[in-house]
Amino acid sequence: MKNIKFLLALSVLTLTTFAMQGTAFAQQVNDPKFNKMMKDGFKADGIAGLDRIDQDATQKFCSDPVFSGSKQAEKMREKIQKINMDGIKQPSDGKYIGDWKKGEAIAQSGRGATWTDKADTPIGGGCYNCHQIDPKEISYGNIGPSLTGYAKLRGYSQDVVTYTWNRINNSKAYNACSNMPRFAHFKLLNEQQIQDVMALLLDPASPVNQ
Amino acid sequence: MQRKFTLGLASGVLAALLTVSTSVLAQKSATDDIAKYREMIADGNPSELYEAAGEDLWKKPAGPKNATLEKCDLGIGPGVVKGAAAQLPRYFKDTNKVQDLESRLMTCMQVLQGRDPQEMIDAPFQKGPKKDMEAIVAYVVTLSKGDKIKVSTAHPKEKEMYELGKRAFFYQGGPMDFSCASCHAEDGKRIRLQDLPNITTQKGAALGWGYWPAYRVSSGQFWTMQQRLNDCFRQQRFPFPIYGSDLTIALSMYMAKNANGGTVETPGLKR
Amino acid sequence: MNQQRRSLLKYSAVFGLMASAGLISVAQAQEWNKAAFEGKSLDEVFKILGAGTPDKSGAITLNAPDIAENGAVVPVGITTTLKAEQMSILVEKNPSSLAAQFFIPAGTESFVTTRIKMGQTSNVFGLVKADGKWLMAVKEIKVTLGGCGG
Amino acid sequence: MADPMRVRAAESGGVVDVKILMKHDMESGQRKDAAGKTIPAWFISTINVKANGKDVLNGQFGPAVSKDPFLNFKYKGAKGDKIVVSWVDSKGDKRTDEATAS
């Protein structure tokens, strides 16, 4: 959760910018009643501490979809995307592609990081919650786009590889209010796990590309 | 580089569209099959087992005052249960608060029976005093089945609660950046094979609010709205929402008001 | 001699008496078929029930969904145009195959529906004994992962 | 003591349609508790249904029958039939409930 604190500090910075821009926020005006309701509404349980409701700049911005999607918020969107892009690290060992079979297992699991989980419970990618991936899996969600045939359709170029790496690491680098979790930023998946998920999408042998 | 990449992607788009159309067909039949499954289990909703127990608990003297809940005012007069749940949450003069069904029942248990609400708040779901609460909720909501959802925001406190709930609905947090809106603010979305009602619309809100509380087949438990919200927050990776807190009531107010005009189908039967 | 066997015999005698006195029903006297319910495979259960190798029959219908949204509750019904004496539901890939067994007295229709648990996608069998013959119907039911925590 | 069942019986054309919901955990013996210990199996094992004192169905359940079991069957009968449903579980707990065919 160190990251949250770091981004919190950032959010103070950006908030100042907000104020200077003088934009009207439909919902994001500071409302002591709302703040109190949120503060009194939760209690810490296990690994789910109260710091989880402290918002970073991205979360704060995206909690007002009317504003964040508006024309006047364009600059702010770009700024949020840049903050997120700047935090992305390329693989330390230079390896982008891991084991697609392990990637499939990560994509299947939607577990981890809840107050009923332990700190060492492996966190799943939960990819099938929102995406179609291996065409054999019929139980898939549609909040995100279908990823079936991912590399077959897009190719295996380094551009595609880097873009995919970045997107899994921190989707908000491309779309400030993407619904996709920031897997590396919040340490939901480690580097090796992300390499495995990459393989599921980009290994020619993966069922995704058959 | 960004631009070149976009161009590169475009060539794949047409091919992608083609695959999508075939997979949509497969998906359609899967959702049809799921609909058939739901239809098959709809007959024989185990919620009935809870309703019967709840009716007994409503009429049975309990607590330090050894009184029943039969004089409990759920908003349309002391002792009137029929139709009451369809109009909740609402503002109550005696507590000067907007209350949902469960927080109101806690007030009745405290005032009429002398029970300590904190015990209810602290109890885990499905156990001890909460088990009684769940049965009573099943009994109360069944007596609004078929009624039109009719929630008022005429009182300033009701209006305020609605606005607070709306803001909470869009509030992102936690290590996955989720808010209620991440899953429930667009039409036609699913997680895995589960349809996600768009709660920002009347139709979607009625599908969500109108079918909870419900018996959940995956856990084999009857879930009240408070437990439904609790598990949403768990999956959102938020901290634990406090039972009966204003936060939970505000969210219920937002959903219920949006659902106005829909039909109460509770107790529902859910995955 | 085998102590367990002796006491079992004694129990049967008591149950037999109670049954003839109308105190308990035939099925209750016919104690719960432990061996059959603990049978690990279809063949094992068929053998214990004395069903041999049942033939598939078009006269039996298995009413069940193609996909179950949750393996914890899978509705399964058996109907047959034959005059059934017994109807059983078996799940090939469950840890124990036999899920439920019904004895159908004269005057009761050859129709029963219940709900079962399935650990995974599997063939489900409706086994019927009619006119002393064992027949069956089979259907694959897909069990899907549901919800965001799956 | 075990919780009551819900028994519904509706006659139509000389056939009584009986629907039964039983309150029971039907513990499969496959589940583990939070500490990782297997929760022992505990389930309704036999069920008997009588109409006016005569058997209309006998059933045996294994632990693979769902929690809060549901049962639906039909027999030749009439309005006013007195239906008595009894179950016994694997620990010897029992429950009997009645309904009248309508």
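Order as written gives the chain letters A, B, C and D; numbering starts at 1 within each chain.
To be clear about the criterion, a residue touches a chain if its C-beta (ideal position, glycine included) is under 8 Å from a C-beta of that chain, and two chains touch if they have at least 3 such contacts.
As the structure is a prediction and not an experimental result, all values here were calculated from the model.
Annotation of chain A and chain D: jointly contacted by B, C, touch as defined at the top.
The distance from the centre of chain C to the centre of chain D, each centre being the mean of the chain's C-alpha atoms, comes to 15 Å.
Chain B and chain C, compared by their mean Cα positions, are separated by 38 Å. Computed from the mean C-alpha positions, the centre of chain A lies at a distance of 48 Å from the centre of chain C.
One finds 30 Å separating the Cα centroids of chain B and chain D. In chain D, the positions touching at least two other chains are 66-67, 70, 72. Touching two or more other chains at once are residues 67, 72-73, 75, 115, 144-150 of chain C. Residue positions of chain A touching 2 or more other chains: 114, 128-129, 138-139. All chain pairs that touch, listed by label, are A-B, A-C, B-C, B-D, C-D.
Residue ranges on chain C touching chain D, taken from their complex, read 25-28, 32-33, 37, 72-75, 77, 91, 94-96, 98-105, 107-109, 111-119.
Chain B contributes residues 30, 33-34, 36-38, 40-41, 183, 191-194, 217-220, 235, 271 to its touches with chain C in the complex.
Within the complex formed with chain B, the residues of chain C that make contact are 63-70, 72-73, 75, 115, 144-150. Considering their complex, residues 1, 4-5, 8-9, 12, 15-16, 19-20, 23, 26-27, 30, 160, 164, 166-168, 170-179, 181-183, 185-186, 188-194, 196, 233-235, 237-242, 245-248, 250 of chain B touch chain A.
Residues 15, 26, 28, 30, 45-46, 48, 50, 54-67, 69-77, 88, 90 of chain D touch chain C in their complex.
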